[in-house]
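Step one of this worksheet: look at the structure below.
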Amino acid sequence: MQIKEKTRIGYYPGCAITMGSSSEEYGTSVLRVAEAIGPELEEIHDWNCCGASSAHATNHKLSTALSIRNISLAEQSGFKEILAPCPMCSQRLIISQKDVADDEELKKDVEDAIEMPCNGDVKILNYLELIKNYCMDEIAEKRKKTPKDLKIASYYGCLLLRPPKVLQFDDPENPTSMEEIVEATGAISVDWELKTNCCGGGFTLSRTDIVLKLTNDILECAVDAGADAIAVACPMCHANLDMRQKKIEKEYNRKFNIPIVYISELIGLALDLGPISLGLNKHFIDTESVVNAFA
Amino acid sequence: MKIKITTKELKSDFAKEVKDRSGIDVKKCYQCGKCTAGCPVAYEMDYMPNQIIRFVQLGLKREALTSRTIWLCASCITCTTRCPKEVKIAELMDVLREMSLEEGLANPLEKNITTFHQAFLNSVKKHGRISELWMLNEYKMKRPKTALQDLIIGPQMLSKGKLSFLPHDIKGKDAVKRIFEKCK
Amino acid sequence: MAEETKFEPKIVAFLCNWCTYAGADLAGTGRNQYQANVRVIKLPCTGGIDPLFLIKAFERGADGILVSGCHPGDCHYNSGNYHARRRWNVFRPLLEFCGINPERIQFSWISAAEGGKWVETINGVVDTVRALGPFEGYQKINTIGPDASSESSQT
Amino acid sequence: MGKKIGVFVCHCGTNISATVDVEKVAEETKKNNPGVSYTTTYKYMCSDPGQKLLRDKIKEEGLTGVVIAACSPKMHEHTFRNAAIKSGLNPYHVEISNIREQCSWVHPDKPVGTEKSTDLVRMMTEKVRKDKSLKPIKVHVTKRALIIGGGIAGIQAALDIADGGHEVIMVEREASIGGHMAQLSETFPTLDCSQCIMTPKMVEAAQHDNITMHTWSEIESITGYLGNFDVKIRKKARSVDLDLCTGCSSCWQVCPCKKIKSEFDMGLANRTAIYIPFPQAIPSKPVIDRENCILFKDARKKNIKPNDSKVCRKCIDACPIAPVKAIDYNQEDEIIDVKVGAIIVATGFRELEDGLYGEYGGGKYEDVITGMQFERLASASGPTDGKIKRPSDGKEPEIVVFIQCVGSRDPSKGCSYCSKTCCMYTAKHTMLYKHKVHHGHAFVFYIDIRCAGKGYEEFSQRAIEEEGATYLRGRVSRVYKKGDKLIVLGADTLTGSVVEIEADMVVLASAMKAQDDAEQFAQKLSIQYDKDKFFSEMHPKLKPVESSSAGIFLAGTCQGPKDIPETVAQAGAAASKVLALLSSDELEREPVVARVDRQLPPVFSTCIGCFYCQKVCPYSAIESEDIKARDGSVIKTVARVNEGLCQGCGLCAATCRSKSIELDGFNDEQIYAEINAVEFN
Amino acid sequence: MIEALRKKAEELLRSNTVDVIYGYGEGSTPERTRPVFITKPEDVNKLIWNKYCVYNLTTYLKRQESRKLGKPAIVVKGCDAKTIVVLIKESQIKREDVYILGVTCNGVGEPLATKCKACDVNTPRIYDDLIGEKIENKEIPFDERYAELDEYEKLSEKEKWDFWQKQFAKCIKCYACSSICPLCFCDRCIVDKNQPQWIDPSAHPRGNLSWNVTRAYHLAGRCINCEECQRVCPADIPLNLLNKKLAKETEKNFNYRSGYNIDDELAMATYKEDDNQDFIK
């Protein structure tokens, strides 16, 4: 095997997936997988929240400044690429980067607010992009387990794909990146229709009713397509599909009980990194069926 | 409703204001309704997304800024993605929300949503990052009616170690605070 | 010299045959009056106007020049006006750089249907150039030394 | 040496003389312009006596140049030039000074008008001084027309020209003529069967004595100009000898490759490898699809001549023609040279490709079909014998959703224009569907209904009022599969609501696009095309069938989306233009053309051969010419103007830095004289 | 570097790849160089390369005297190499008829020539052989490349007029500017056309403006900024300012830089439908 020098990539976890947060298992599994096969992830020093929907929904300049501060910090540490596993974060960072590139005045204001310059030459990667760019060969080489007949519905949601002209990642209507990764872990991809639908995202607390309806459609579609589990790469999708699942079942009177797993967890299972260390015990919906498939 | 167009309305040139702020040119929209057709939240909205654009086209500022629709938009960007005329509709909603807050016109029926955004940003302002528990706390205090709906989830999250009691302050939290000040 | 009569600028207009010349004719048919300071030189197309023509007109003593042709997309020769536009895009800043007021050379698209626009444009050019005064700079060098034009048949 | 110039100032009744002192103009002109030997004024110069005055004075005074100060040259330049010819003066020594439209009518102050008129007359006398005799350009005409494309446009134009008594060469790249119209089921707004009106025309064209047809052929190159085009046609190897073959069908009946998607049936049915595209094809003789035929595959693999392959050979064995079989595996492409005088381009359109609309499945769902596919489903000679059946399972669809503007009016997919025909054909589709599936429901999503044509509005209203189609105003955002249904997410902006329909089949009113190779083809012909790659007409209003190159005309959808009546009308118009052109042996053209400087050796030409002129010429009228020494070595390469192609815009002349190109009628000396003659003091 | 150059030159001559090398040779003083035309392999030691090699040798591509020597290999700096691109685009020479000996260059002249101050072609963008260590070409922002113009563009209309009138008044119509210019290759220059005489060829001040404006305009979208015109002007007229102004406008309006890309269409022989027309009413 070739010994490659590990590429150094800035790591921007974002609030949702750090330890002690709602989706810490995503962060944990991303880091575990990176240790095993990925490039070297180095946390951006003293990063701050990207502002998420709340910022861009109410104050464009604030939203841009909060995101750009992180990019500038990364630039100062000499990173050429940043991984932001949370698609809310990666989307905000990419959009902000483009907005300042397109608008000199905004750039000036933002640089003034964050008290730092911003060159804009750092590339921001979402998690699927990172895996596709750096880890596909490694997964093939180092895969230890092959799941038995595990059918996975890959769920992208909104933020990985849209707006496509800015993010420029995969086909916005029929993406296939996640399926390729799922298949690399040895699982079977099921073709289903709602993989790019919206789960209601940030409305989980403020308009739970909307979230319940949208997630019900998604769960129903995946289950009807024969999926044993749904793979995601977004903490919000996960929160809505996993934590809210019991409530959905009650509200719409249908039993799903379908595990929602992070794509990083799936990779981790294929590499035999151990379910607990990947955080699979932290899910609301029991993930045992998935873990067992890799036995 | 009746749309009354007066010189005052025409002079205000809402569409131009929107364009100057965001670069979004609503004149391009020819009202095909594809945004509405694909909107996952449209069923809850008081006006369809295309109608909001129509308000902007016609200079009906108040109608647009007091709508519930702008708050119900989930920013899933399906509309922008599929718009045949490349109008950035989701981004337009952002601008309208901003203007709505500035003018104090945010629809009280969607107070949950505006309060959530406020609680979220307050947490960022204070700590530099989100402290989910404290953010939740602030939100629930302000919107007590919503407190019950997450009664089951909260404790379960705590038990799985998913809600930390300690807010995590970043070193540069003062810098973040200054960002908030400068971006008012 | 005291209260002499109002300065009447001389304007040379280079027009394309198909649009602006016909537009100027239409202004006539409609009896739309305008100032008489313009002398029209008709060419098939604005694409056929060499910047040398403009230089020559200034040399001869023009105070202002108008170049006018078909609107983009309407050129009788498909692309003549587009090529012309490219030329003016570089020639105009060059003259400006040399200290010639760009208002002395104006460009317009006037279609065969725009008699009104022709009238407005001519009046606009005449008024603007009248306000600028005679193109003394050029006329001054014109009078130094012998007249170079061997072709001249004027007095 | 000097010219004797006569100046005639017209009163135009009082149109001029009311505000211009014409006598004074004449007097001043005579006084101040040496060389002006005669001046006069006259009440109406354009009247018969006025013209006679001109003719007489040219003779009497021996005038070699004339200025008429009168109305705009657009009015009577032609009149006066013709009068000059009658007195033996070359007409290009006559110039018009426009003192009516551009002076007397717009300047009410008489002294001002008089002064300006005097100026204008002087400018023209100076120009006349430099005028040269020009001869009209004569171009020989080859009395034969080329028609490119064998669809309804091409066929109509070919028949019209052939009936007019001229030879027509028709080139069609498919194996049969007929084009899209042959694929259609019924036609709007009368619902008559397309085949029934198309097939007789196809037969007529094939049997016409004046029409030579080359199917399975393409244009290799076209050179030359108006009246004299040299055309190379590539007759692609058909593998079947058209003279020997009788179209008996023995070969395609035995062909074992039966699973090839039929292009004619839009992929809804299969064909064999040796095939005729459809039963009524003309010529009704097969072609071998060399990509898919197993014999050819074998030959390619083994790198041997096809006829040496031993694989299959069933078709040749079945061919009853003897002693020489009609099938020739080794047949090669053949290049045919023809000379023609005029060309009609009728290359048609293509339907929008699948896959562009990911949100409608991007071609993934069998039951989401295009408009052309629906035509085949509805056609009595189609794969389902005219029964409306879903492609996936053959079930009769109970709810069909028609989506309009798929690819039309959609700049985000690179297509901003309206395809013009879809509103009508969708209305037609709903009717055909309702006629065949009485209990079915048709829903149409539209943005605007555009049915401007005779009987069109009534037709589309009939679809709604009588046939019960439900029209919903809004675009569809998403189509996806749920079970065996298709979920259509649309909007109805009139009620302000989202509409979700569980449909059995979806029909996309796909846009009409320019042919894929339109751009290269246009370059081959030196004709212009628009941003959507449709060929551009010379003038959008007044020259709608002329291309930007003289002698090349446009018919049908290659110029832009249009329906059958409009296509036929345009084809007829193009044909009549060609007939007019072919009616004379020689063409005369205004001699306003550019000319590249030529000099005696050793200079030959001041042209340095930078060829900027060639790059800016809108008509590809600039050629390069090698000036050669006696030993054949090239001394220099310079530009040359092809008079047949030049339209006289002067772009080249203005582009030339050394002023080595000049435009006759507007040459350097003439313009210089005009500029110089402006009175600046 | 000189050794590499000489070796390559010798090789090219010996193999009959070319008939002549246009290069730089020693001048009368160490600070001077002069063009040399090497036709014999044994003469290659006459070739030199140093920071005094300011000229643009491509001007010899248009001259009959040098053309007679046969197929050339020509020593070019990055800036000079751009000329060849234009000459090829304008059909004055075929690519295969010239062998390009590109030299990498960190700037010439003592003090450094103005043209070198914002150089982004230290390594030529076109060559057959590269002599010298490859230098990464910088990307220089638009404003910086045309900074030289700033002080003149700032002048008032009257100041501009006066400045240029003073400059043009010095012109003696010696035409050194056009004869040195590698892109002024017309057999008959426009001033030599006398029917009609568009431009007064005598040293009349009026003709001077017309001549200088026309000369500059004829280089619009073509000049590659070698500054040879300015260097040879006996009256020290800052001719290159005019050329540079036009280069700036061409780039600003048409996004075109002469000599940079052989695949670009010549700026003044093409157009875009959305070209600027702000100034057209």
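Here are a few things to note about the model shown:
Going by the order they are written in, the chains are A, B, C, D and E; count residues from 1 in each one.
Note that a contact is a pair of C-beta atoms (placed from the backbone, for glycine too) under 8 Å apart; a residue touches a chain by one contact, two chains touch by 3 or more.
Just so we're clear, the structure is a prediction, and the values are computed from it rather than from any experiment.
In summary, the chains found to touch both subunit C and subunit D are E. When the partners of subunit D are compared with those of subunit E, the chains appearing in both lists are C.
Chain nearest the geometric middle of the protein is D, using mean C-alpha positions.
On a Cα centroid basis, the chain most remote from subunit A in this structure is C.
Across every pairing of chains, the maximum count of C-beta contacts belongs to A-B.
Centroids of subunit A and subunit E (each the mean of its C-alpha atoms) stand 55 Å apart. Averaging C-alpha coordinates per chain places the centre of subunit B 58 Å away from that of subunit E. Distance between subunit C and subunit E, defined via averaged C-alpha coordinates, is recorded as 34 Å. The multi-chain contact residues of subunit D, meaning those touching 2 or more other chains, are 359, 616, 655, 659, 672-673. Within subunit C, contacts with two or more other chains are made by residues 52, 56, 79, 83, 87, 149, 151. Shown for subunit A are the residues in touch with two or more other chains, namely 172.
Here the chains touching each other pair up as A-B, A-D, B-D, C-D, C-E, D-E. Put simply, subunit E touches subunit C in their complex at residues 152-153, 155, 157-165, 190, 196-200, 202, 204-207, 209-210, 213-214, 216-217, 220-221, 241-242, 245-246, 249-250, 253-254, 267-268, 270-273, 275-277, 279-281.
Against subunit B, in their complex, subunit A makes its touches with residues 15-16, 18-24, 46-49, 51-62, 65-66, 69, 109, 112-115, 157-158, 161-164, 172, 197-198, 200-203, 205-208, 210, 214, 243-244, 246-247, 281-282, 284.
By the touch criterion given at the top, residues 30-39, 42-43, 47-48, 50-51, 78, 82-86 of subunit B touch subunit D in their complex.
By the touch rule above, subunit D contacts subunit E in their complex via residues 531, 603, 606, 608-612, 615-616, 637, 655, 657-660, 668-669, 672-673. By the touch criterion given at the top, residues 90-92, 185-190, 193, 195-196, 198, 218, 265-266, 268-270, 273 of subunit E touch subunit D in their complex.
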